[in-house]
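Below: a set of structures, written as structure tokens.
Paired with chain B in one complex and with chain C in the other, chain A is shared by the two complexes that follow.
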Partner chain A sequence: MNLYLKTNNIASAVKLADIPTVEYLDLYNDLVERMQDKRYHIAHYFATEVEKGLKFFILLLDDATGEVLISSFQPDYYSEEGLASLTAIHQQFHPFEREMHELYGIKFNGHPWLKPLRFSHDRRDKQSTMDNYPFYTIEGNELHEVNVGPIHAGIIEPGAFRFICNGEQVLHLEIALGYQHRGVEGEMVRNQNRLRQTLISESTAGDTAVGHATAYAELVEKLSDKGISSDLKRERVVAIELERIAMHLADTGALATDIGFQLYQVACEALRTVTINTTQAWCGNRFGKSLIRPFGSNFPLTEAKIETIRKNIADVRRRYNEVRTDILEAPTLLARFEQCGLVPTEEMWHIGGVGMAARSSNLMRDIRATHPSGFYAEEFHHEPVVKQDCDVMSRLATRLDEVLQSADYIESLLKDYKPSTEISAPDYDAKLSTDSLSFSVIEGWRGEICHVALTDEEGNIAKYKIKDPSVHNWLGLAIAVRSEGISDFPINNKSFNLSYCGHDL
Partner chain B sequence: MHSHGWQYIPDLKNVTLTEEFRGFPILTETEDKSDLERAAKLCPTGAITTEPLTLDMGECLFCGECARCAKQNIRFTNNYRIAATRREDLVVKAGQTEPVFNREAVRDDISKYFGEALELREVSAGGDCSVEMELNATGNVNFDFGRYGVGFTASPRHSDGLVLTGPISSNMAEALDICYNSIAEPKILVVCGSEAISGGLFADSPAVDRSFLDKYKVDLWLPGAPTHPMCFIDGITRLREKK
Partner chain C sequence: MAIKLLNTLIMIAVALSITGVINRTRAMLAGRKGIRFFQHVMNVRLQLRKGSVYSTTTTLLFRIAPCVYLGAAMIAFLFIPVANLEPICSFHGDIVFVAYLLALSRVALILAAMDTGSSFEGMGAAREALYGALVEPALMMAMATLALFCGYSSFADIFSMAQELDTNLTIVLLLVAYVFVIIMFIEAGRVPVDDPKTHLELTMIHEVMCLDFSGIDLAMIHIAGWLKNATLAMIAANAVAVVFCFKWWFAAPLAVLGTGMAIGIVESLRARNKLSRNITYILTIVAMSALVLLIGFLLIQNIEI
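After this line comes the complex of A and B, so read on.
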């Protein structure tokens, strides 16, 4: 039996009618088997309201072939039996099942941790609130709990962290999120103004404005046969690699801050300033908001801008390499970061870890290599940075290498590049395919961003789902701090630097 | 590391941003309103009115799309000095050449108590992280606003005021209120970023609760998406000056 429609990350959107609607039990049995192979991981899994009950869609990524497998099922509306939980077998399904349980009250039998994911405003059980989040507890006179948040010490987004400690040692950390929930997915469909949708994508996670806007733009472009020029694709890659450099610099600086490595903190602050001011000189915004638009650009590169980017990034690369060399030779720093915050490869795979955190645990997840789209799918060869040590130092070392790699990519993309005459203005009115499912998967600086949309019979976006990589990786942080001293929480947190707003939507 | 050189901006009162930066908009009325009507319709937050022509910087996300639609009517300048002491002053009118910073609206006790030192507590309530990162940047090696005695503090008990970012998600509304009320009087309230000022893209979302702003008086409004560090520095500096 054919359980899946097979497509890839550059093909056009698929017609809803072409996606097999299967029996849940068949799909379940297949996934139990299939997901034992590390080549597969889940990109998205969600339910949507249809005329009679709910219809479920699932998107799997096959890292070996670059294929994307899509399936759907529609259980009997009147059945109260619930569904056998996939999380019980493969942990990576946990946020998706939790979300569907929270929104629609679906029972996932055997799910070990069926707690609210983000206290969405339209959740099924309104009695369940932030105030009565069911934190895990352990009885015992020798243990104590430490609650941190939702408001944290610095200028940072809110989230509640509950530690269970034995003395200074963390036994367990539970992270309760949802404070940042703004109703992003609902706002994406309430109004079909596509400039507005683009801006919502940009502010899904403001530190990943380029990443999420690119995901939206590619998703919309797949719903049209208009196509975009190779030059536009190239400029988008320059933008997203600039964003990667800027955020890796921010995190290198933040890690230095937390161990009192002050000179390197300020060096990174200065380097990030140069990088985001370069983005600002390109498009007027330090975070690259306004740079990515569907079907075109308002800021095609000019000769002067190409020169500015090349000069500044060459300077950043040279100076960051000095920081890098010193970091790798600093015993005080290595003593804090090495063998701290371990997330072994198997564990990272179990929880569905993605992006640079996964690569730092020797788990190769990189959409630029496995499911390339845009210019990554053209004359571009990406060799992912993978580290073996699975600790805080590994997560820093990945950044140390990726900054240089991204700088090299930008240089090679711009070296002989002449300002394009082919980049048109954005188009917010292109006709979109009707009754279709469109998705995009992008390797943002944190990792895999996945957007999925369903269109109606008029080509309007009727359902919009967003997955920030943080959805997978928050559990990684909780695992990393187990058995560490609670005072090492900050460096672990910075080593992941996950998004609250991107998770809470 | 010796090759990294000097990083700070020597004079924070004399900074010019790149030409591409979109700050204060200059508006011009025209006979033919068709371009303007198209721009107003496209605006993601409905920040533009056409009769008469106005642009509300408190709703504007500075994407610049309207200025491309209605070139004759709207032009963004790189003027980042767009802080306001009254919400209504953020609404720019046709022919206006400078932003309005109403000094009369500034409380007398602000310069007295906070003129020398000002410690602020930031609360993000649905902020998208970009405003928060820019507030962090005000204290970094580049801007170094700390040299004027302005910084951010961990505890509301140690702070002289609150800086709000984000459209105020319902799930954060209570924590925000508790935090604000934990700060001793006298204190200031700063609303940072267009999403905080008006709700921005989430103004009509059922997941936000903006009643906080009905309850408390705001001392400073700082537009932007995100608010540029120089806008924050300029606004706070002028708020603390002696009348």
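After this line comes the complex of A and C, so read on.
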């Protein structure tokens, strides 16, 4: 029996009727087997309310073939048995099962720890609040607890970090998020206005505006048979890579700040300003908001803009390369970063780590290479940067290399590019296919961003699910600081630089 | 009397300027214009005009700590001569008195930090106590070296005698100066041991203990910090001045520029130590000052024989 519908990241949306609805036990048994292979990882797993009870959808990514496996199941409405927990065997399912438990009260038997994920307003159990959050505790007089947050000292986003320490050494870190109740996914459904939806997706995570907007745009485009031009795809890739450069530069600078290394800090801050000002020169917003729109663009590149981008990026590349060489030779910096915050490959794979953090732990997860979409799927060859050392330095080194790589991509994309007349204005009224499931997976600077939408019989979006890479990687941070000194937490945190708002949808 | 007054005025000028020089050096190396030279003084003036807010968990201990901290630093400050000038206070054995005044000020701050009941401040206090205990032998041995050379145990006498010292001791005096500058790095909470610019409570040492102080209390802690810096910087400068030119107009600018620029340059060009490495770093200084004392002792013996 066929458990999955196989599709890929460039095919158009699939009809809901085509997705096999299977028995949970069959799917469970298959997943227990299948997920032991590192080539598979989970993209999304969610439940949605249907006429009678709940219907569950699961999306798997097969890195070896570039296929996306979709399956669904619908347990008996009257069944009170609950579902066997996949997290108990494969930890990468934990955020999804926790979310479904929180939203719908589904029992996952054998789940190691079904604590709430984000305290969304439509959660099932209103008694469960941040005040009675089940923090992990260890008894004993030798240990002490340190609570940091929920007000973040640096970037003013809320998240509570509870450390259990033996002196300076961290035994356990628990990260509690869910202080922002934004209702992003609900808002995407309440607002059928496509421009508003674009704006909301753009604001999902402020540092990944281009990434999330592209994910939304591609998702909507897959729901329509109206194609988009290759030039538009090319310009989107330029935008994504610009965002990647800007954020990696910012993080390099922030890592230098955290170890009190003024020289690299100011060097990187200056370069980041050049980069985000380039984005501003292109679209009027430094973070690339308003740049990505479905079916078109309000800011097609012109000769002059191409010239500005190429000039600035070449300059950034040259100067960053100098910083990079110096960083790799700075003994005091290496002494701080090397062998600090280890997340071994196996651990990273177990928790389902994605993106840049996974690649720094020698786990190849790069959507640009395995599930390319947009211009990445056209005449574009991406060689992912993978580092072996699994430590903070490794995560920094990935950034150092990816900035140069992205700068080269931008140069090669724009070198012979003639501004196109084909790029039309955005279309917010295109008819969407009915009763379909559409998804898009994008490699943002932090990692894979996955958007999934279900449409109803009129072609309106009936369910919208967003997954920021942070959802997977927060646990990676908790693992990284185990047995490290508590004073090394900030550099570990910065080396992951995960999103709070991307998690607290 | 006029000389004593001049001495104190110069010391105050030194205390006010060191932070300015540090900030200016950092700004120049970062390619920035930098803040006003006396911005830190303006900030403190502002804080002095404000009231304080006290946490309800704190007790009297927390409120008197800034006074003890500032008082101890102030008294220590009055014992330091500027090269050939005379300090206001001086008596036999005041080098030990000064060392323990500095220790007293540290204890006051540690107790106040523990009094807040904050887990951050508890960690900061633990770190400060550890580093304080480790750095104390270095301070005592460096001072003992000076006392050994001159046969006196008060700063005023030591430095007035020191100019008659044999040139053989030059290198030892320079090393003593180096040890004092490093001790100042540690006492002032600068890179590589601590980072006063950081916003990360988990990595702080000195700053985290001051988190609950506000207004006038915070101003007192800042002022005490300047005084302690000036005290150590001037001892180091004196040790160097003995070798080159034992005049106040040489020693005072040396104290300001030497230590200020050293801190500024170090903070720009290197990263902080990993916290666990700080112990090794401080013990190296202790070892160095033990070595200085030993070499000094041997040299003195040879000369007399």
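What we mean here is this: the second predicted complex is superposed on the first by the 505 of 505 C-alpha atoms of A that agree within 3 Å, B and C clash if a C-alpha of one lies under 4 Å from a C-alpha of the other, contacts with A are read in each partner's own complex, and residues count from 1 in each chain.
The working rule: contacts are C-beta pairs under 8 Å (C-beta built on N, C-alpha and C of every residue); 3 or more make two chains touch, one makes a residue touch a chain.
Computed from a predicted model, the values in this text were never measured in an experiment.
A.B. asks: Taking chain A as the common reference, can chain B and chain C both be placed on it without clashing, or not? Answer clash or fit.
C.D. replies: Here chain B and chain C can both sit on chain A without a clash.
A.B. asks: Quick check on the superposed pair: does A:Pro490 touch chain B, chain C, both, or neither? Answer first, second, both or neither.
C.D. replies: second
A.B. asks: Applying the document's definition of touch, where does A:Leu59 land relative to chain B and chain C: first, second, both, or neither?
C.D. replies: So A:Leu59 meets neither chain B nor chain C here.
A.B. asks: Does chain B (first) or chain C (second) touch A:Leu117, or do both, or does neither?
C.D. replies: Neither partner.
A.B. asks: Looking at the overlay, does A:Leu333 come into contact with chain B only (first), chain C only (second), both, or neither?
C.D. replies: In the superposition, A:Leu333 contacts chain C only.
A.B. asks: Decide which partner touches more residues of chain A, taking chain B and chain C as the two options.
C.D. replies: Tallying touched residues of chain A, the top partner is B.
A.B. asks: Quick check for you: in the superposed arrangement, does A:Leu400 touch first (chain B), second (chain C), both or neither?
C.D. replies: neither
A.B. asks: A:Val266 in the overlay: touching chain B, chain C, both, or neither? Say first, second, both or neither.
C.D. replies: So A:Val266 meets both chain B and chain C here.
A.B. asks: For A:Asn285, is the partner it touches chain B (first), chain C (second), both, or none of the two (neither)?
C.D. replies: first
A.B. asks: Minimum Cα separation, chain B versus chain C, post-superposition (Å)?
C.D. replies: Here the least C-alpha separation of chain B and chain C stands at 5 Å.
A.B. asks: Between chain B and chain C, which residues of chain A are contacted by each of them?
C.D. replies: The overlap between the chain B and chain C interfaces on chain A comprises residues 153-154, 263, 266.
A.B. asks: In their complex, what parts of chain B are in touch with chain A?
C.D. replies: Of all residues in chain B, those touching chain A are 1, 3-4, 7, 17-18, 20-22, 42, 44-45, 61-65, 68, 76, 122-137, 140-142, 152, 154, 166-167, 169-172, 175, 179, 195, 200-202, 204-208, 225-226, 228.
A.B. asks: Which residues of chain A touch chain C in their complex?
C.D. replies: Residues 144-148, 153-154, 167-168, 256, 258-263, 266, 330, 332-333, 335-336, 340, 485-490.
A.B. asks: Residue numbers of chain A touching chain B in their complex, please.
C.D. replies: Against chain B, chain A makes touches at 119-122, 130, 150-151, 153-158, 178-183, 186-187, 190, 193, 195-196, 199-200, 203-207, 209, 250, 263, 266-267, 269-270, 273, 277, 280-287, 289-290, 298-299, 319, 322-323, 326, 425, 428, 499-501, 504.
A.B. asks: Using the touch definition up top, name the residues of chain C that touch chain A in the complex.
C.D. replies: 26, 29-32, 119-120, 122-123, 126, 191-192, 195, 197-203, 267-277
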